[in-house]
Each structure stands twice: as structure tokens, then as C-alpha cells.
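Before anything else, here is the set of structures, which you'll find just below.
The following pair of complexes shares a single chain, chain A, combined with chain B in the former and chain C in the latter.
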Partner chain A sequence: MSTSIEHANKTVAASAARNPSGKGPRLGHGRFVHVWFLAPAVLALLAIGTYPTIFAVVTSFHQYNLTRVRDGFPFVGYANYVSVLGDSSFWNTLLTTLEFFLVVMPIEIVLGFVIASLLHREGLGFLRSVARVTLVVPLATTYAVVGLVGRLLFNQDFGVLTQAFRAIGLDIDWLGSVGGAFAAIAIMDVWQWTPFCALIFLAGLTMVPGEIEEAARLDRASGLKLFWHIQLPFLLPGLTSLLILRSADILKLFDMIFTMTRGGPGSATELISIYIQRIGFRVFDLGTASAQAILLLILTIVLSRLYIRFLYREASA
Partner chain B sequence: MKFLKASCCALAMATALALSSPVKAEDWSLAKAAEPFKGETINVIFLDRPGYRAIIKLLPQFEKETGIKVNYEIVPYENTREKEVLNFSSQGDLTVALVDLVWVGEFAENGWIVPVDHFTSDPSITDPKLDLKGFFPLLLDAFGTWGGTVYGLPFDNYSGLLFYNKCMLKDAGFDKPPATWDELLKTYAPKLTNKEKGTYAYVLQSRRGETQSADSFMRFLWPFGGSLLNKEFKSNLSSKESLDGLNFRQALAPYMPPGYVSFDHAEAVNALAQGQAAMLTEWSAFYSTLTDPKTSKIGDCLAVAPEPAGAAGRLPALGGFSLAVASQAPEEQQKAAWLFIQWATSDAIAKDYVEAGGVSGRTKVYEDPEIKAKYQFVEPLVQSWQKGVAVFRPRFPAWPAISEIIGEWGSKMQLGEVSVEQGAKEIGSRMEDVLQKEGYYDGKKKLLQ
Partner chain C sequence: MKTNPLLRLGHLVGLILIIVFMLFPFYWMLASSLKSQADLLASPPVFIFKPTLEHYAEIFADEKVTLAILNSFIVAISTTALALLLGAPAAYALARFDFRGKKDIWFWFISNRMISPIVLALPVYLLARNLNMLDSHIVLILIYLTFNLPIVVWLCTDQFAGIPGELEQAARVDGAGTFTIFARIYLPLALPGLAVSAIFSFIFSWNELLYALILTRRAAQTAPVIATSFMSGYELPWGKIMATGSVIVLPVTIFALLVSRHMIRGLTMGATK
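And now, the complex of A and B:
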């Protein structure tokens, strides 16, 4: 992008030089041209990113209930933040979200790596190409649809997965019990996101220089050593971005769970985003919901910084 | 008392209307009244339920007669309030408000809906045959009235009924349905449950959300003498009667299909339709789903009775929607909307509406021998609407927040994550926090529900 802008800049500057009658740079010419190139993106970002965020920050300091418009929207200082931090349901749902993350992430990483390693091997060219394409299918499926499909798959009477598990002797009340419902949403998440992990790892593995891998094999390095010393450094940048993306994603995971369990039974599958939606669009207490969202934003930023600090290493051949 | 108030109000309005109206009944026609509004479009939200499918079938008749276009959008129930609140608070385009009985307080107090006397005072747009007394008083009071003022007319009307599979009951040696909850639990349930065969005596829709709070939790308070709130608006859930009801709900669990805690209406109706459960307490509106061979295998085995009685008598679940004019709409559209609402809830189309799958709130249509003979839900329905609790669920603006609390803790109770007593206490204290913030305890707000 920046190269093309520089190029455009030079072109316009050159044409200005060829035109001696020009009275200096005008808007849209010369040194302002980059403004026009950047304007659409910046305006879009301001409208759909920056403005709502600032609005949410402002709202979080006000009593802002859409169903109590007559009470006005008075400034309440930190009251919404104090109430959120003292709300046991907020912490419980955050804990459920953390549990969900700790359950699904390791499974997705391990399975993703296994799939990536299989696809990285030599041979079976056609099958590998087909497998790579099919990996994209779960990723391209809308979250809400994944939830609806999950509701059918785990239906107690005719669900395919319920019947399959029953056939191997596991008669689980999937959507009607606390553990079952949690496992069901975890399974659907693993189904949807393992391919993403696999593709990221595959990209990492293809970056490993063939000669280094070959040299290690000639030195009879074991599979584990090969992974640890040769492949892992190339996988770390991918792993870091994977963790950042998935952390943010799980913190805002809503559609799949809402359509599948609506956060129930009880609060077994109530992740933080479901709770915020309840406060924001059932109770319409947008002040409190905004405070919760801002706290989540801070949490996401802190987590991202931690991942980068402790995991990210530039791989060099 | 509230019932009396609403009835008096309705009577007064009807009388005033009759006395003041210079338009004779025979001179008034919908087409003539609608002439000034020809070409107007009114916007309304509908649900994907039989009552709405029925009115959609009849809509061309209204549009042809009046020249008013009815623009409807079908929205899932769960999103309806969200959509309407956002629309009203941002001065959107809705002309008609679809008002669930538990939203009437919120919509009225926020000034989002217009009282009907604003229109009934104008005889040119009010049908002389608009007979407010012709609605079941319980429905007009519960669905459309707030603080003694009528805002909406009952449109999609439900009562909880006991739907049962008479063949399964007969096979188990019963020739009639249980008359009391106690009988259902002690006599019927053990004989009708066969876990090996996968058949169960009863099914209760309990999915988290309004289904848990309205259909599952509240259903077991009133018939047992309990209630959500006492006269001072403090929690009454820890009273003996309320706890009896909630413990009774727990006692039914062994006789229900596994996973019932996650069942919404669709799954619960399906359990009866497919022969998995022998009895179901469900809204009258699902009658057409159960009789339709495309959606139900139960066929002639289906029978309907009023909900069983508890220690405090028969107090079945009450629910439904009224249609009200949205105050944000321009004057002309408001008038057009008022004509539509009168037509949709009128005696004139009540029979067609019932035959198209709707459940009218008018009394007269259920006296029709043809309707009585054709629809077996009529008798128990009429019986249920004779006596009921208008505040089966409180209709004040705090209900959505309380419903969320019940949705969470009510299902935790059913799952055994907390005991009934603990759960009742937890809901009680959280509910009182909400009511405190609303200003019910410091005299800022009248104790209206």
C-alpha cells in the first residue's frame, strides 16, 4: 500500500514539475494526494470503529437506560464500573469464558498442528489440495448457523451426534445438563476453528527452509527435536496471532451460543458476551453494558500485549 | 379491583361513544372511514406464530377495502422487544406496537403507545360496533390496560391449556385427564412413565429466557397459592405456598423427558406430537401445530382440557399480545393504524380469524355452535379465561430484568445446582435490588403491576 502511494506521489509530483504554470500544490495534487488515498479508509474507521468506541466510553460514565428515557442520562462517574466489578455474575461469566478458552484452545492447537503436519508431508498431492479446500468450509460458516446446526446435532431424540455417542455407550444429556451443554458448545467451536489453526500452522511449516529441515534429518534428529528446534520457531509468530485472534474472538463469541443454548441451562454456557447482551439489550442498561464492554476491551489489549511479550519471536532462517 | 376498574373504564368509554357519536352505526363503514387515509402505509411487527399467519391470510381483505397498506415484518419473539424499544427510542418507523402483556407497563410509562380514548373520541374513525365489552374482560385488562387506561386491543390471545394424548392415557387406564396437579403427579405420572420405552408422563418447556420465567417458573406459583411479590412489592418467593409450588415443579422432573430444561415451545410441543410425552401444558396458540398432520403424529389421540388445579384453585398461565397505536407515528398514520387494529380485533372477522388458525379475544365467536364443534380447545379456553390472574406475570417495566434473573436461577434450581430455597432467596434479593432501583420502595413509583 505504502509503495503504491509513494509511486502515485512521485507521478503526481513529476506531472506538476512538467506543468510550470501550476501555482503550487492544490488539494488533490502534489503533497496532498496521499490524503485522498487514505481518506476513505480513515473515514470508515472513524465512523465504524473510533466513534462507537468513544461513544461507549462516554456512555459507560452515564446512567443510560433506553427504557427510562424520562429519567435522562445523568453523569454517574465511575458508578457503572464499580457496579460491574462488584457484580458476581460478571465475574462468573468471565470465569466461564476463561474455562471455555482453556478447554478449546489446547485442543484446537494440537489438532490443528496434527492436521498441518499431515498436510505438510510429501505425496498425495490431489488429496492434500482437496483437504486444504475443505478446511475453509467450517471457517466460512456463519456462527449463528453453526449454533443452529449444533442444536440439531445434539438434539436429545434425533441428533446425529447424540445417537453416535449413544452407540458407543455414552448416553449424555447434551443440551439439558450443565456439563453436556458446555461440552456441546466446545465441540462446535473446535469443529469451526481447528481448521483455522491448521491453516496458520501449515503456513508456518511451509516457511521452514527445506535445507535446514533436511540437514536436521541427515543428522538424525528425532521428530521431537526437529519440531522443537527447527519447526517451532517458525510456528511461534503464527501461534501468537492465533492466540490474539482467538482470545478476542472468544471474548465476543455470541451468535453460536445464543442460537444453541441461549447461555443455559442455568448459566452453564453463559460466556461474557451473552451476559453483556442481556444487560445491554434485555435490560437496556447501556451504561453498565458499555462499562462491561470497555473492561473487556482493556482485557483483550492486556492479553495481546502479554502474548506478544512472551511468545512472539521473529523467526530467522 | 383492577379488573373492575378496567371493566368500568371500558363500559364508560363504550357508553360515551354510543351517546356522543353523531355517526349512526349503519352509516359507518370501514371503507368510508378509511377514505382520507388511502395510500397510507402502516408498519407493524409480527411473530412467526399461528395468530399472525392467520391475520396475514386475511390482510388482502383489509387492504382492498381501505387502500391502506399493511407492511409487516416477521421477527422471532426473542428479538421483538429489543427491536421495538430501539425503534421507539430512536423515533423509528413503526406505526403499530405489538405489545406482549408484560411490556404494557414499559410501553405506556414511556409514552410509546397512545391510549385508545384518544381515537374513540373521534367517531369518524371509530367503528360504532367497537364493543370493548365484547372482549374477555381478563384479556382486555391484562393485555391492553395499564393504570386503568386502555392502550391496546387483545389480538393474539393465549391461555395455558393441558394438551394430552388420550390414547396413551387410555392405555394406562385413565379415561379423563387429571383435574389437579396433585393427581397428575401421584396417580398419572408413575403409570405413564416408562423410561425404557422412552415415554414420559409430562413435559414442561423450561428453556432459559421468557420460556423459563413465564412458562415454567410462574406456572407453579399461582395455583399453589404463591406469588412473586407481596403487597409491599417485596419477594414472596420464600413463603410456604411459593416454595410448595416450586418444590412440586422439582418433583415432576423424574416423569419428564431428559433434557427438558433446555426445551423451548417447539421441543415440548414436539414431545407430545411424537408420542414421547403424554401430557403438556402449553399455550392455546399451539393447537393448530398439534392438529396439523405435517407437524404432528398425534392425530385423533389429541385432547385438550384446562390446566390442572392446585391448592389455590385453577389459575392457568395467561399470555398474549395486544395491538396499540405507536405515538411516534404521524397523526394520519396513527388513524390508519387505529382502523387496522379495530379491524384485526373485530367481531366482524373473528370467525374468519379463528378458522385461519388464530385465537380471537372476542367472546361472541366462541358461542358459535360451528366453532364450538370444530375446535376442541374452545371450551377449556373459555373456561380458563373466566377466572384468571391478570398479573400472572407482573407487567411493570421492571419485568424484563426480573425475567432474566428468573431465567438464570430458575433453571439452576431445576438442574439442582442450587436448592429451591436458595434459588428462591437469590431471585428474591436480586429482584428486590431491581425494584429498589426502580423506586418502588421509596414512594417514587406507584405499586402497579
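And now, the complex of A and C:
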């Protein structure tokens, strides 16, 4: 009995040696069997992802204004792209998006690192695990609800944060002024995404070999030296992915801002996704909005190429 | 090892601050949903108040709200089931077969996750409008696959790749075909990965606002859309808004706590190793 299994194993091993992928000629083991497994998902994604994208490209070459259906939807060539690229409000929106990234990212990184260090430090085991679990709460909170809560917290008349800031001498018209609204959405973003940074850094810190960290502490290396020479190399891969993932997120950011400020006052908090939504669904100029969306897509593709090059290359190597 | 008591105190205070910072907006939402209108509008804000369930009674009596919550469940559960049905076999192929272009297909799946929803929302709105399919569950269920399929494929490829290949060889010897091996051996062993990806898929679908806002009107409106719709007029019904918000957030928070160990994997799609 056992010998026959051994024999069978040998046969399998031998056939596997002839055919490195281990696929024999038997029924259901054909060369293209993987196609049957992949086809449903690939076809679905082509239908719901790729086909609409192509449709958007086509739309972007037409005048497509739903408030002027009577004009029809004539082909206009590059006209939409020319007008978008020459439109200062489009560039201002991209600039606001970049500013937002540059404001929230450093805060989230520094706070995230501080939190990760506190969670990594030995002692107070129970409190540490409670704190670690609470990090999940902001990450899971529905983005739209974060915006609604933000609107309550920063309400001019009875918002608890408005009053708290007033108590320390910062009397700001949070949602009604240009700077205030920008700061308010930034604060809500910091609340929601700092835990993400903290968890990534925590994962990096746990990869530092315990002996090395211990040896450095015994040598009375200063906290700064410990950070710079020992922890930082383990944190850098996480930091790179953070920057790229968060930049893609901020290009997508819509729900929280929409419920909190709708991009206002004026266009103070109008990030790129909010802006395109307004042109498409409040002005109903879908041709122009499609051209903007395609430009955004190109930007995203450039970013995701970077993402794949920097991040997955290491993972697959 | 003895630690400096001052450092220990600092550590303690720091950890408590983290907990307060993370929970405060969540706590404030729950507390506000339990306050009477007078307490809600009180200035300075009140921390000690007599809780009331009147706002919850109001929203659960409102058919629009209960319908929206039901819609959210229908959409999130259907799209999750569909993502697993399509994604699990694809993940199996990517994990266990060698073929040309495998890496490219994998990248293509993953990179769909990066696309901003507004890029797809415009054409999908026009296509659904032309097909008279605006305000239906099916459009949301399908469009949510654009972010759910990548997450299922990513997490399950990882899971299938972690199962030893000898099982396949042993089953082959017993004469089992490829599909039997997949369905009878690998699928059951991959259940933990399937469960985690199902939970993520549910959370992302449940939380989604942009597509739902654009593609639904009344019949298929989801919970985040109805919560947002209360934000108009001068006198905002804050109690009602916060009660709806709490009802939306509670189920996903519970799910997220279940997968908290996998949170980073789910959110980064394995970009950090």
C-alpha cells in the first residue's frame, strides 16, 4: 500500500520534472485550463472598468451637455482638452489638491510615527493592545459620516471643537472661511488616516530585530541615533508606499469633503474629484468633465506605474 | 529591565491620548444621537445629559431610511458574493498555474483599485441612463466590483499560494480533475482568506458614497446617500443625522474589528511587505 503511494509520488515527480508547471495532458489539465478560471473575472472587469473608460474617452471628444440636449452631441475633437488645459480653475483645483496633500501628509507621518513608537514600546501591555484596536475605528468609519460628524464638531454656534479652539484663543470661522474650511477638512483627514500611517510604521518597527535594538539601548545610544541608524531603514519601504497610496487616495477623495463642505466656501476645499463631480453633475457638462476625468486617469496611471515599480518589484524579487 | 518612572508615566499618558483621539469623534457622534434637540444645540456643549432614543425611533419609523439601509445590505452582500464567485477562481489561477502574461494580468487586476471613482462614474452614469438602469441595485452591484474584485483577487492569491502544492499532486494521483481539486481541496482550505476578503469587500461597498449618489435616485438609494440628504435646509436635524450615521457606522466597525489584524494588508493591497 505505502509502496504504491511512493511509487505514484515518484511518477508524479517524474512527470513534474518533464513538465515544470506540473500540468499533465489529462482531461481538465489542458494547457489553457487557467483561462477557464480567469475568464469570468477578466471579462467582468473589462465590461465594468475598461469599457466605461473607453466610453469616457469617446465622450471627452464630444460636446456633451445634458442641459442642451437639443444641440445634440457633436464631435469636437480636442476642443474639450484645449479648454480644460487652458482653464485656470482646473489648475487651481489641482493646486488645491496638491496643497492638501502637502498639509496632511507630514502631520499624518509624524503623528503616525509617534503613535507607532508608543505602541511599540515595551510595558503597559493591556493599554497598548486597547490603543492598537482603537486605531481601526477611524479607518472603518464611513467617509461620508466622517464629513457629517466634522460638520457637527466644527459648527460655528455649538460645535465642540469650535468651542475648544475658542477656549485656547483660536476663534476661527471654521466652515465659513477659506482657511478655516481647508483646515477643518484637513483635521478630519488627519483623524481618519493617521492610524493608517501608525499601523504601517508599527509593522516596520516590529521588523527591527530585537537583539539589535536591545544592543543599541545597552550601548546607551540616544533615541535619535536609535531612530536614524536602526529603525529608519526598516521604516523607509513603508514610508514610500504610504506616500504613493495616500496620493492616490487624495486624488480620489470625495465623500468626506462632499458631506462636510461641498467644496466650499467658494472653491476653498474643491479637490479634483469634487470639482469634476460639480462640472459633470451640477453643471451637466459631461464632455468637459470627461476630458478632466481622462486627464485625472492619466495622472493616476503615472502614479500607479510608480507604485508598481517601487513597491511590487521588491515584493516579487 | 527597570524603566524610568517618568518615561513610564509619559508612555501611559501618550497611550491614553491615542485612545481619546481615535475614539472622540466616534463617541461624539453616538452621544449626539442620544441627545435631545435642546442638548444638541446647547452652547457650551453638554457632556452629561439624559439620553433619549427619540431620534432612533424617528429614523426607524421613516420608510426612506429603513429602505436605504435595506438597499445598502442588498448591494453590499450581492457585490461581495459576486466578487468572491468571480475573484476566487481567478486568484487560484494566478496562484497555482504558470502561464504567459500572468504578472501583467495580476497587475491589471490590482491597478483597477487605484482608479478614481469619478473617472468611471461619468461614463457609467451615461451608459446606465441610456439603458434606463439608473436607480437600480444591479448597476451599483456591478460597479462596486471595480474595487471589490481587486481586493478579493489580491487577498486570495496570497492565500492560495500559501497552501502546499503537494496536496494537488496527491489528488491528481487519485484521479481528481483540476476543477475538483480547486473546489474540493483548495477552496475549503482558503476559507480564512475568502472570509477576510469578503469582510473588506462588504466594508468598502457599505461605505461608498460617490457612485451611489450619482447612480441612484430614490428606489435604490443607499444609507450614506440618505444620511447626506438630511443636510439641507436651515434647521438641520442633527439628532436624526447622527442617529443615521451611528446606524451606518456600527456594523462596519464591528466587521473591521474582526479583521483588524489584516487591516494593513487589506488597505495597502500588500504594497508593504
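To be clear about the criterion, the second predicted complex is superposed on the first by the 258 of 317 C-alpha atoms of A that agree within 3 Å, B and C clash if a C-alpha of one lies under 4 Å from a C-alpha of the other, contacts with A are read in each partner's own complex, and residues count from 1 in each chain.
Keep this in mind: a residue touches a chain if its C-beta (ideal position, glycine included) is under 8 Å from a C-beta of that chain, and two chains touch if they have at least 3 such contacts.
Predicted model, so just to flag it, every value in this text is computed and none were measured.
Once the two complexes are laid over each other on the shared chain, residue contacts for A:Ala183 go to neither chain B nor chain C. Contacts of A:Ile212 after superposition on the shared chain: neither chain B nor chain C is touched. By the touch criterion stated above, A:Arg70 is placed in contact with chain B alone, chain C being left untouched. Of the two partners chain B and chain C, it is C that touches the larger number of chain A residues. In the superposed pair of complexes, A:Asp157 makes contact with chain B and with chain C alike. Using the contact criterion defined above for the overlaid structures, shared-chain residue A:Phe281 touches chain B and also reaches chain C. After overlaying the two complexes on the shared chain, residue contacts for A:Pro265 are found with chain B alone; chain C is out of touch. Residues common to the contacts of chain A with chain B and with chain C across the two structures: 157, 281. The part of chain B that touches chain A in the complex is made up of residues 78, 81-82, 85-86, 89, 106, 109-111, 207-209, 212, 257-263, 274, 276, 397, 400-401, 403-404, 407-409, 411-412, 414-415, 417. Those residues of chain A lying in contact with chain C across their complex are 5, 8-9, 11-12, 16, 20-24, 26-29, 33-34, 36-38, 40-42, 44-45, 47-49, 52-53, 55-56, 59, 64, 114-115, 118-119, 121, 123-124, 127-128, 130-146, 148-153, 157-160, 163, 188, 191, 195-196, 199-200, 203-204, 237-238, 241, 244-245, 248, 251-252, 254-255, 258-259, 272-273, 276-277, 280-281, 286, 289-290, 293-294, 296-297, 300-301, 303-304, 307-308, 311-312, 314-316. Here chain A touches chain B in the complex through residues 66-70, 89, 156-157, 173-178, 181, 261-268, 270, 278, 281-284, going by the rule given at the top.
Only residues 3, 8, 11-12, 14-16, 18-19, 21-23, 25-26, 28-29, 32, 40-45, 85-87, 89-90, 92-94, 97-99, 103, 105, 107-112, 114-127, 142-143, 145-146, 149, 153, 165, 168-169, 172-173, 177-180, 182, 203, 206-210, 213-214, 224, 227-228, 231, 238, 241-242, 245, 248-249, 252-253, 255-257, 260, 263-264, 267-268, 270-273 of chain C touch chain A when the two sit together in their complex.
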